[in-house]
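Structure, as structure tokens:
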């Protein structure tokens, strides 16, 4: 039971929903889910439609080009086509903390996240035992100020070799260069351990403690050249109190980090995320 | 800036979204919001579409009949048409507690809930001062086992006189007769002070305390002949601890009751609720 | 059934709990609640004890001085004594928005917040009808850059005349002068419409929308000379999505503002808040 | 840095806090945390105190008996003494689902839960690979109606052999006999996949879907002879909508199950839980 997914965005104008829905119907697609939205700030129309491939008149490889020719080009649409039976290949980048790594791997193992993890990359050797437990290659690529460009070249080669299409920074504590980020636009998801824009940058839990906040949070976002400024995919928080030390904030925050990162990765691989104007549309 | 709202439900079949969207477009409606859903359990298709009336080819009074004739009848659709500039007339039923009453009235007063409250009905005289503060007629209709049918006849007459189309039980502690409920199907919204189906019936906070739960909640639902069994529109909870007495549960629960009831009333008057098979679809 | 409340803070040292508890017991007080905490960052001991006055050996007016002489002075303790049957006199400052004002007044009216509101102060005349509804004097004191010091003198006089001991800024959109704030240290509670430290300053919902956050929040804090930097008493958030416009954020945020402000005011008047080092201890 | 923990419960009477605190001080213990509570429904006093062992006048093995002799016996106190450097030995019972198992093991591995897991017990062979990954013995003990008593005898022997003091049912889908439960009173923690008392018993997510609830939850409780009726330690919920299928409820609920079970296990091994009258006190 495989479905096609169409993501569309373009300047808003009347009749777009009907036009797209009619195109799918004309080629004998049965729409099982359709959601659309107009971003009022930028007057941008976004739509996500999912229909059954069974009985559809076009072959998989023809869908994208045919849609563009018959509908998209006339409305200056950006469009992308995906299929629900594709399993994206996802690289996990980590440093010293294991909680997000364990969480993602156990979800993949339980069949909860339909993706493959061909490689784990780290600037430390510390989490190799976790990778070993799951039988996944672990690439230890140390990064210093001096070796950064060489290290990133190694990382890029590794991603290419493993056919990776999404990079998840699962508490990876190095800043990627602008060149790296440009190469992987909207294909790198980070988890930041604060409710952005509060406490962007280093040591957010320490600063949260010093400020005396009553909630701490986590934010998952696409990585852009501006640190911690990329489009937010998911956020959540947990309540804390005066009884909590910095260590308690760290511990409680971890649960939120795990949940928020998993939620963002799931939304991405289910092709429910579109970025417009630096903000995400995350379809239901 | 007034929009039309169309709510549709029918047995699922291919092409329904495209059919409805094309109909709106053909009559020169510009869709600003469309959401659809297929309830897998009952194989029912539900859709909510909203489009601008400005430039629309059909007059308000013709929309419903024209849609039924041109689209709905052929697909066994149930359909309803509303307009965003309509202000529903809503009666509030209360007993002794003021928090939900104050909350709804202050939201109406602040322009947050686009509805009118022509009358407040109560089986006690206690909350008359609140009604007076807002200049709303207050009908004190005592209810006993013996007088119930007479009392309900009085209530019905009052609702008719005031042109009421929605009854909100804002902590009204009397059970309405089956006859009353039948007359107002999906037009009576209740707030129950527990997270149903837990603690249906009387004294839910006391029973929650005795059971030692760590959360208490509130549930807003349409009233049906089966007490506390009607379709749920909104629910929420609040955390409690061993430090909380029954009185604390009552107090903390009130905040949840207020929020949940207001959320349900808003969803209803924005025509975002459809009932299928005893369960609600509450569109985004 | 009236209880005494003792709040204590001092540099930490061994035996403080036992010392304070023994003092209460020696004077025949029956402790009904005792909570203590050591702030690890500043090594400060804080304690809140509540005991029954019935049978207590000391008169109300002697408790504070006797405790200081017999215990507090020897340990460099700051201490305060309150009684649960005191009803603090609280002034509400508002501008144009009614939701926090309505919420607080309806809680007082329902007996949920044990305090009196002798006066409502505003820089606009707009919310006078709300004050009238509750029969509370409404002082319209316009504030401009030029008239600010005169206006604040008027406000101060009014607070003195009404015997006010706590000022609640219930969406009051003027910045109080340093002199005013100094005069009312830890006696002014503000509600800011963001999860501080994110979006301090003006128009937080607009900036939240532009940043594309997935949660918005509210923060209640004591007012200090540094705008939006005072000790945080309560915070909460609500989830939002790409479907929400700025107006939706404003509306959803209001519910959080009401809850958070009410929670902070309650904590203050129940004498459960202590400020140490710019951070609050809010006892259970 | 090891601390002693004292848990006390007894009928309430004046002076208990002072008495306990004075006893700790007299033996030169420095209290770092003390929390007390009076359960109003049963008039029971409960207290948890934690003090530094460094400099304490009594040896570890003497603390319990000395306290009982000098304080506890005179007040009919139940008391327990623990030490923060003890690592409890915990057996995990599982069936087919891996999420709670992975979650607990990864927390232990990351040093987040200070406990040891000497054995994993299951009525299926399915999760053996997970146990292997963590190098933990996996005992496959099938259970049928006929073999139950034999199987439980095997389980009991295994627990004894491994020096287990706490059993965690991490989605173990068999009902333990009354005899087993009696043997391990307040030493078996279960996770039930609903917000009890709603949907006690089998297939809670299916029943939640059929009822059309807008929240699903999870409950962690001590196991008693009455199924799903034991004292609740922790509960939480997650919001769902009409878009969610039963499978979605199951998936979303899993995240809550993991969190709630981990929270309950943590509270237990930190000796923060006391059961009074079928309800838990869970100290901060």
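The first chain written gets the first letter, and so on, giving A, B, C and D; residue counts start at 1 in each chain.
Here, contacts are C-beta pairs under 8 Å (C-beta built on N, C-alpha and C of every residue); 3 or more make two chains touch, one makes a residue touch a chain.
The structure presented is a predicted model; accordingly, all values stated were derived computationally and were not measured.
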Seminar exercise, completed: Greatest Cα-centre separation from chain B belongs to chain D
For this session: Between B-D and C-D, flag the pair that has more C-beta pairs in contact.
Result: B-D
Seminar exercise, completed: Between chain C and chain D, the Cα-mean centres are separated in Å by 37
Seminar exercise, completed: Chain centres from averaged Cα atoms put chain B and chain D apart, in whole Å, by 41
For this session: Please set out, as single numbers or ranges, the residues of chain B touching at least two other chains.
Result: 37, 241, 243, 284
Exercise. Inside the complex, what are the residues of chain B that reach chain A?
Worked result: 14-19, 21-22, 24-25, 28, 30-38, 284
Seminar exercise, completed: Note: in the complex, chain C contacts chain B through residues 97-99, 102-103, 106-107, 109-110, 112, 130, 133-134, 241, 243, 251, 254-255, 259, 262, 284
For this session: Would you tell me which residues of chain B are touching chain D in their complex?
Result: 37, 39-41, 195-199, 209-215, 217, 231-237, 241-243, 245, 278-282
